[in-house]
Structures are given as structure tokens and as C-alpha cells.
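Consider the two complexes below, in which chain A is the common component and chain B and chain C are the respective partners.
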Partner chain A sequence: MKQTLFNNVFLPLSLFVISLTTQGQDTASVHYEKAFQTLEAMLVEKEPATFKKAVLTAENAYFDSGLDTAYFNQQLNILVRLTRAFIEAHREGFIYKGGDREKVLIYAGVYKVMTDTLPIILELGDTVYHLPFHYDFEDIAGHFNWTKMFVSKLVSSHTGNCHSLPYLYKILVEELGVKTHLALAPNHVYIKHRSQELGMYNTELTSGSFPIDAWLMASGYVHLDAIRNRLYMEALSDQQSIALCLVDLAQGYQHKYGMGDGQFILKCCETALKYYPNYINALLLKTDVLRTHWEALAQERNEASTKQEQEELTDTVLTAFNNMQELVGKIHDLGYRRMPDAMYLDWLNTLKTERDKYENPKINATFNNQ
Partner chain B sequence: MNRLFAYFLLCICLFLIGICKAQTFQPQVIPSGPTVPSPNNPFGTKIPSIPEPGGGYIQNRYRHPYSQPITTGEQVNKRLLAEVEEDMARRRAYSMPSCMGSPGTRGYQHAYHEIKTMLEGKDSLNLSRAVFLVENAYYRDSMDFSTFDSYLNSIVSTLLKKIADEGQGPTSNTAKILMLHRFFTDTIEIRNPRTGKKQAHYPFSYDFEDPTGNTDWSKQFVSKLLAEGSGQCHSLPLLYLMLAQKMETEAYLTFSPNHSYIRFKDGYHWHNLELTNGYLTNNTWVMGSGFIKAEAVQHELYMDTISLKRAVAVTLSDLANGYARTHCMDGFVKRVLNTSLQYHPMTPGALALLSNYYTIWFQHAFRVSGNPGPNDLYRYPEAVQIYRHRNALYGFLDKVGYQNMSGEAYQEWLQSAHDEAQQQEHTRLMQNINKDWPKTPQD
Partner chain C sequence: MKYLTCFLFLLLTFASRAQNNNPYKGLGEEGEKLGQKILTLSNGKYNEFHDNDTIVQIGSLLYNVLTRDVVGVVEYETQYS
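Right, the complex of A and B next:
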């Protein structure tokens, strides 16, 4: 009787529970797998690529495809309309006179909407204010809460970091029909533009300023080789920007499920590197995967029961170690040096403390004189 | 029979008319924008091999769609000759007026050919000779190479002797580098081997008067540096490199905005040597001028090491500059600059001068075309062609992060090397070099 009860009740029940948990994991990896395929299709240009779609794809996977995209789009739409209205209101007074005036006007409009308090006069004559986006000093790198990096978080809470702020800027500018470029610095993303009259210039959204290149180069935190090898400070193409999203996706996966067997993360990194060979975050994440792999093998070897088994595993462990070592060497040669969070904040702060030294006066005069 | 021949002639005439009609005149359309060169091939191979104005467009401009059919070979020849002559005249009109042949230009031509021979590998590379040729051309062949060279050789032999006296190995690269550094920045006492008397060589100083050679071009010559003991950021690094080549030491020329300095390697470490004040500097200081853009580093315009061969190519840029200043901007300047850029495509001075050249050339072509309005410019493809090249060149300079520094900002930045922090950095770097000595005695 007991046996039958076990067979009839417990066994199916336990199987059901097991199937539930595995199903949970499966659906999770399904979301990520789907997101990966979408991003890859954008990279190989099978699907039309927009940066907005790429960012949303990566964020949506983290929420198991539960992100309220309708709300996101609605908020975005408000910002786009606000920017348009702002541009119309300031077109006359905009002092920039280059041949690419319309383009620069859009850059200036999005910059203002994101960094300044704007009064909006309603139909009944009331005035409401649109408040700027602020820097979120809490958990700046998303160590504890990965969603801190998200543009969707930025849009709903109006606070973000050096990841979400430039991303939103790029999305807005592209919604308005103009191209813009992200650029990387250590642990950091900013915007790079070229205008006919003012040349190449940078837009820094965490502090709403226009730093010159020396801010990054002469602060002493970046090795010359890192700039020479284009690890940083290169205006990224659209494909490279999507490669960024692919690595964001992998990092989200890691935050949510851990490294796992490393295959998914490795796949993301490899694909990103195909389109952006010196993408430092992809290289670093790949090193992580290789290190985990090596550690697991080494542990397996140490726990092997017989000496013969141990010896058989030695070669595999060594190969895994050498693979990792090779990549670490490459990263070092490219000029990468780790920058701790405290150092990073110090550096970010120099824009405020040494404003005279690092700010581009021409751009500042053009954009903040409206 | 006669009738048959008449038919035959008629057929030929109709055929010729057909051809001429087919080649109806098409006005040249101004392309929408300049072609942007790639970083590896700065001019998309176009500018170095740019056809002289007139070339490439002749076919379109000199077709005669409504002309009478030509019947005899003689007439064809006449017409062709006339076309060729007309074309030549146009070319002459559009090319820059040359001053080659006027007194003093021969030396420049001679210098150009001799340096070019070195670059082509037909002659051994000799930086001292190249520098001599450039300066001698300016002084209208009044210098003597053997005096110049033997003076340099005497410096080298003295320095090598000094190294030996101080007990350093004669092959040590670091010892030579440090001795050269002392020669530039310190008083060196030596005993004259012939007279047995003590002699002193005093450090070179920075000449604050007209350091860019704006009013007196010879201010930036090595011969001026040797004669007066004071120089600037052009002559000092150049002399250093000339002596380094003679001492068989590795050192490299490096550019930054309006400036050049020396880079050398000590073991695994790269060092910057700022000869205008004798300090070892770090990259942070160089970038601290605020005028170096990331693109310039990425395109190897600034802060990149330039080998001996490339340094010789850079002297051609000085040659072109001297010619343009003392004679005129003509095709010779362009030819010299193109050769220079062929061997080192990223000489800031050469790129700047070449873009100036195209600007002046376009102004000339504009005048030759009779100052047309913007809507009529397309009628003058020669002028349009020059204009496009000019714009492409400026676009290229912008893309690779070329930057001009004002004299004031430049002096301020150079002075900042005297800050206490920079002096400490210099001391630290100097000690590091000395520290490395015992480890690599034979480096």
C-alpha cells in the first residue's frame, strides 16, 4: 500500500516539482537565448538594427521579457516631443551658424532636456517643470542591483549612471533622426560628436559638461597604449554600439544566474568581439569565463582519487590556464589598467573641481547660451 | 566607279556625324562632398598622384559635338594639334606659377634629389647630411659639409671617450643616451687630447626669441644651434638624433602640437626627453597641454615614435618650408611634400603646409577661371578638382586630430615643465634609469 501511495502520489508530485524548476531555468535561458539571437541578427544585419531595440532587448531579457515596453515608449515619446518643442522654441536664438546647424540643434536640444530644468507652459496657462536626469551615486556599477544600469530604470526614476545616461541620449538623438556616437573611457561611457565649425567634441552626461580629451588623457589614469590601441576614446560605430549591448546582456545573465557553465556568456563575448575586437569589457568578461573554467578544472584535478587520474587532468588544467594567461597578457599589452570605484569617482569629480582646465569653452558657450 | 566612291565617302561622313552627336557635351557636376581618405592611406592614393589640373577633364571639355565632319587625315592632325595646344595652355594657366630657376632654387632641387635618393634606398641614410642639405639650400650653398660633419664627429668621439673614461661599456645604449643627455643639459669637462688642456662644453639653452622661426627661418636650424649654443624644439631634437645616429644609439623623434621631442627605450620602459629644458617627462605632462586629441594618438600623428628613415623624410618637409618661405609656393613644394609624406604620412608640419598649398592653389585657379560665382564654379572642373582636394585635406587633418597651438599657450605649457611636481617626476625617472644599469650592463 505504501509502495502504491509512493508510486501514485509522491513520485508524480516530485517529478512535477522537478519539472517545474527545470522549466523555470529553461524559460530563463529561453529569454536570454532569444535576446542573443535578436542582437546577433542585428549585428549580421539580418534584422534592422536600432540602438533602442538593442538596449531594450538586453534589458527585457533580465526581466524575463516582462519589461513594460509600452510605458517605456510612452515616456520616450514625451521626451522626444519635449525636445522637439524645445528646439522649435530656440531655433532662432541658437548661435551656432555652421552648415550642420539642424544636427547640432538636435544635439543641443537633447542635452538641455536631459540636464536642465525646463518650464512647460500648459494650455490653461499653468507652468510645470521638466526636471533634469540626475546621477545616481548609489551602487554606480550595478554590483548589487544590475537594473541600476538600465535605461528603463533611468526613464522611470530620472536617476541613472554613466551607462544609462549616454544610452538614453543616443536613443533620443536617434529617435529625432540624427546619428551620434558613444565612446568609452575606463568604467565609463560618454558621447562623441563632430560638428563642422567646432570640430570633434565630447558630451559628458553625468555632469552635463563638455570635457576636452585631456580630461581623460592627462588625468593620469589612462595608459597611452590604451588610447593608441583604441580601447578608449574612439567614436563607436552603430555595430560596435550593438556589440556593447550584447556584452550588457551577458553581464545581466551573470548577475541573474551566475556564470553557469560559461557557455552563454562566452558566446556573447565572442560574437561581440567579432564586431569590436578591442572591446575591453568583452575581453574582461571572457577572462572571467576562462578563469572560472580553469578553476573548476583545477579543483576537479585536486579532488581526483587516483594519481593516474590527476596526471591525466594536468594537461587540460595547464591548457586552460595558458588560455586565460594569454588573454590577460593581451589585455595588459593593449594598455588596460584596472580602475577602482573610488578612483573612478575622483576622476569624474575632476570635471567639477578643475572645470577651467578640462572644459571645452567653445561648446559650452554654444550650448549653454540659449 | 566614281559613284561608288561617293557613296563610300557619304557613308563615312554619316558615321562620323553619328559619333560626334553621340558625344554630346555633358557639364561636369560638382560631387556632393570631398572623398574622405582612410587612415592607412591618407589621401586614398589620390592626392600624391593627383593629375595636374586639366588632366582627366579634357575629354569632357574638348569634344566638339557640332563640328563639321572631318574628311582628311591632315585636317584631323591639325585639329588634334590645336586641341593639344589649347589644353597645354589651360594646364599652364591653372598650374601654380613656378619660380624654379631663379637664383638660389638650384640648391633646393639638389637637396631634394639627394635626400630622395637616400629614402629610395639607393644611398645610405644619413640624417646629418640631410639636415645639412636643407640648411645649405637656405644659405645658398655657402656651407661646407666636411667642416659641419667633422665638428659633429669630434663631439661624438669626445662623448664616447668620456663614456669610456667613466668606466661604462662602450656598447651600452643607456650609457650613450645618458651621456648625450648630459651633453645637452650639463657642463661637460674634457681634456683636449692634443693640447692636454681642460676644456668645457656648456649646456645648450632655449632661445626664447622667435622660437618658431617666424621672422627668421634660420632660427630653427641645427647650424644656428651649434654656432650660438641656443636652439628650440626643432633644432635640439634634430641634433640629438644626428649625434645618436653617429653613436649608433636608438632614439626616436616624436611630435606633439607645434613641438617635437625625443623618445627612447630603457629596458622595457619608454621615456620622453624634453630637450628644450632637459627634463625627462611623462606622457601625462605631454597630454596636459590640453591640445592633444585622442584621434591624434590613434592615428599616430602625435606621441608616436619616428624611426631614422622617417626622420630623414621629415627633413624634406623642412626643405619645402624653407623653399616656400624664401622663394614661392609652386609645384616644387607640392612634389617635395608628397615625397616626404610618402615615407612618413603623418608629419604634422608637412600636412599643414600641403593644405596651405592647396588653399593658395585654389585661390590662383579661382582667379584664372575669372572669379566665377558659386553656381558657375562647375564650369571650371580644374578649379573644382583643386577645391575638392583642398577640402579633403582639411577634412583629413580634422579627422586625425591635427591641432595648432597658439604661441602663448605653447610657452605656458613649456614653462609648466619647471613646476615642482614635474621636477620631482624628472628626478624619479632619472633615478629609475640609473637603477636599471646594473641589471642590464650590455643592453
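Right, the complex of A and C next:
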């Protein structure tokens, strides 16, 4: 009776559930595969590349292509119009006089829209206020909820982190027709600009400030080799920025489905590394994939039924381990040093509490005296 | 076992951090004076000393920088560096 019940009820039911799960994952993989192809096409310049499109592609895959892009674009459009209005209202009083004044004015406009409360006078004379974007201190690295990293989350909630805030800044600046560059520091993304009068300077959206390189280096636990090898503090090209989105895509996949066999994640990392060879997040994620591969092989060897099979697998396991070890050695040689968690949290705090100690006063006067 | 690995790693980290970064510490009182002349960007506010630890964490792996071997693993964690 029990056997009949098992054969007639439990077995078909189990197979049905497994089938549904596999089907669900396959459908999801289609979204991720499609997103990968879009980003890759942008990198090889088969498709027109914009940073906005790259970011939305990665985020949309996480939502199984269900991201409300119309709402996102609507919100973005409001921010662009607000920035334009701010620029027009402050054009005459803008103290920067360099030949690239229009460009710097756009940088300043986007900065103010994102970091300051702005009054908007309506046609009937009423005043409403556009509130600044704030740092979301809850789950800062998206450990528990990966959407915390998303620009779409930032736009809808007005709170974000050091990933989504500079991404949105770059998107807005580019929507206004000007280029800007992302830059990396340990556990952090910020903006690098160049202007004729001020030279290179940094814009920090997390705290709405302009830290100098020396402060970023000292407080960010940056090893000199990491700068020398361009792991950190480099103004990233458009292709490198899209490579960042490719690794975001891989990390979203990992959050949603786990490592799996690692092939999709590895493919994203390898492609990103073609265009940004020392991209630290791609290298670190790749070590995780190689670890998974090594552990799976080691388990297979341990479970082998004969001694001969075990011996045959030993070389394969050793090769996998050596590949992983070689990559870890390379990462260390490049200058990566893991920032202690407590130091990162302290660092976030000092962004707010010690602004006067690290800000570039020249830039601050230019941007904040409007 | 994983917890033991983590504990040993933390122990090593703190043990190494506890060491003074003064290269002349062994010279006694004179060495201590020289140690006061170490200049940093943040004047001690931030940890600006790297490479104090023999074993470092890279991703979810523990790496011995002297022997260049992977010597342990820790729990997977989301990387965002």
C-alpha cells in the first residue's frame, strides 16, 4: 500500500515540483543570458552603449525583465528637468570662469539636485521642495537584499549607497550630454572629474563632498601597489564602467540563484576582465567560482568508489587548487588588501563628521556658493 | 571547523595588529623615540599600515603571503570592494 502510494502520488508530485523549479530557473537564466548578451554587445560596440542602458540591463535581469523602466525614465526625466532649471537659475552667478564652464555647470547642477533640498515654485505661487538623496545605512552592501544596490531602488526611495548614488550621478550627467568617470576605492565607488581650472577632482555622493586623493587613500586602506596597478582611484572609461555592470549582473545572479555550476558567473567575470583587466570585484568573484569548482572536484574524488578513480581525479583537483591559488596570489600582488569591516563603517561615519578635514576647499566654494 | 578557522584568522590579525609599526622597537628607549617620528597621512586616525599580517583574507580564502599558499577557507561572503 505504502509502495503504491509512493509510486502513484509522491513520485509524480516530486517530479512535477522538480520540473517546475528547473523550468523556473531556466526561464530566469534566459533573462540573465539575454542581459549578458546585451552588455557584451555594448562592450564590443555592436550595440550603442550608454551607462544607463547597461545599469538597467543588469537590474532588469534580477527582476526577470519586470523592472518598470517607464517609471524609472519618468523619474529620471524629472531629475534632468530639475537640473536644467537649476542651471538656468544659477548660470549668471556661477563663479567658475574656465573655458569648460558649461560642463562644470552641469556637474554642479546634478550635484546640487542630488545632495541639497531645492525649492520649486509652482505656477500658482506655491512652493514645493525636492529633497536630496540620502545614504541608506541599512544593509549597505546588499548582503540580505541585493536590490539595495540598485539605481532603480534609489530613484524610487531616494535612499541609496556608494554604488547606486555615483551610478545615478553618472547617468544624469550623461543624460545632460556630458561625460564623467566613475572611480573605485575599497568597498566604494565615487566620481572623478577634470576641469580646466580645477584639474582632476573627486566628487563623493555618499556625503556630498569633494575628498582629495590623499584622504581617500589614507582613510580607504588603499595600498600603493593598488594605485600603481590601477585597481583603485583611476578614472574609468565607458567600457570599464560597462564592465562594472557585467559583474553587477553576475553578483545579482549569485544572490538570486547561488553560484550554480559557476559557468555564468565565470563568463561575466572573464568578459569584464577583457575590458578592465584588473577590476578587483571581477577578480574576487572569480576566486569564488574557482573555489566552488575545486571543492566540487575534491568531493567527487572523495566519493569515488575505487582507488584508481580517486588517483585519476587527484591531478584534476590539484590543478583546480593551483589555478585558484595562482589567482589569489595575483590579487595580492596587485595590491588588494581587504579593508576591515569596522574600518569601513568608521570611514562612512567620518564622511559626515569630518568634512572640513578632507574636502577640497576650492571645489567646495565653486559648487556650494550657488 | 569553519568557526575555528575564522577564530584563528582573527587571532592572527589582532596579534599582528598589536605589534608596533616602529621598525626600531628593538632598540629600547632610543627606538621608542624614533617610533614617535613615524609620519602618516591621518596622524594615527586610520590604520595606514598594510602587510602586517602573514595570513590575509582574499575573497573567501586565507592566503599566506610568505609561502604564497592558500591555507584556509572562510564562509562565502558577498564581495563588493
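To be clear about the criterion, the second predicted complex is superposed on the first by the 342 of 370 C-alpha atoms of A that agree within 3 Å, B and C clash if a C-alpha of one lies under 4 Å from a C-alpha of the other, contacts with A are read in each partner's own complex, and residues count from 1 in each chain.
What we mean here is this: a residue touches a chain if its C-beta (ideal position, glycine included) is under 8 Å from a C-beta of that chain, and two chains touch if they have at least 3 such contacts.
Everything numeric here is computed off the predicted structure, so don't read it as measured data.
Student: Could you tell me whether chain B and chain C fit or clash when both sit on chain A in the superposition?
Tutor: Clash.
Student: Mind working out whether A:143 is in touch with chain B, chain C, both or neither, as first, second, both or neither?
Tutor: Once the two structures are laid over each other on A, A:143 reaches chain C alone.
Student: Using the touch definition from the top, say if A:212 reaches chain B (first), chain C (second), both or neither.
Tutor: In the superposition, A:212 contacts chain B only.
Student: On the A-aligned overlay, A:186 touches which partner chain: chain B = first, chain C = second, or both, or neither?
Tutor: Once the two structures are laid over each other on A, A:186 reaches chain C alone.
Student: In the superposed arrangement, does A:199 touch chain B (first), chain C (second), both or neither?
Tutor: In the superposition, A:199 touches chain B alone.
Student: Tell me which partner A:271 touches in the superposition: chain B (first), chain C (second), both or neither.
Tutor: In the superposition, A:271 contacts neither chain B nor chain C.
Student: In the overlaid three-chain picture, which partner chain does A:331 touch, first (chain B) or second (chain C), both, or neither?
Tutor: In the superposed model, A:331 contacts chain C only, not chain B.
Student: In the superposed arrangement, does chain B or chain C reach more residues of chain A?
Tutor: Comparing chain B with chain C, the partner touching more chain A residues is C.
Student: Can A:228 be said to touch chain B (first), chain C (second), both, or neither?
Tutor: After superposing on A, A:228 lies in contact with chain B but is clear of chain C.
Student: Find the residues of chain A that appear in the contact set with chain B and again in the contact set with chain C.
Tutor: 214, 217-219
Student: For chain C, which residues count as touching chain A in their complex?
Tutor: 13, 40-42, 45-48, 50-51, 56-61, 63, 65, 68-70, 73, 76-81
Student: Write out the stretch or stretches of chain A touching chain B in their complex.
Tutor: Against chain B, chain A makes touches at 194, 199-200, 212-214, 216-220, 224, 227-228, 230, 232-234, 357-358.
Student: Taking the complex as given, what residues does chain B use to touch chain A?
Tutor: Within the complex, chain B contacts chain A at residues 283-285, 287-295, 297-298, 300, 303-304, 398, 401.
Student: Applying the document's contact rule, which stretches of chain A touch chain C when the two form their complex?
Tutor: Its residues touching chain C are 141-143, 149, 163, 184, 186-187, 214-215, 217-219, 221, 223, 251, 254-255, 280-281, 284-285, 287-288, 291, 321, 324-325, 328-329, 331-332, 336-340, 343, 347.
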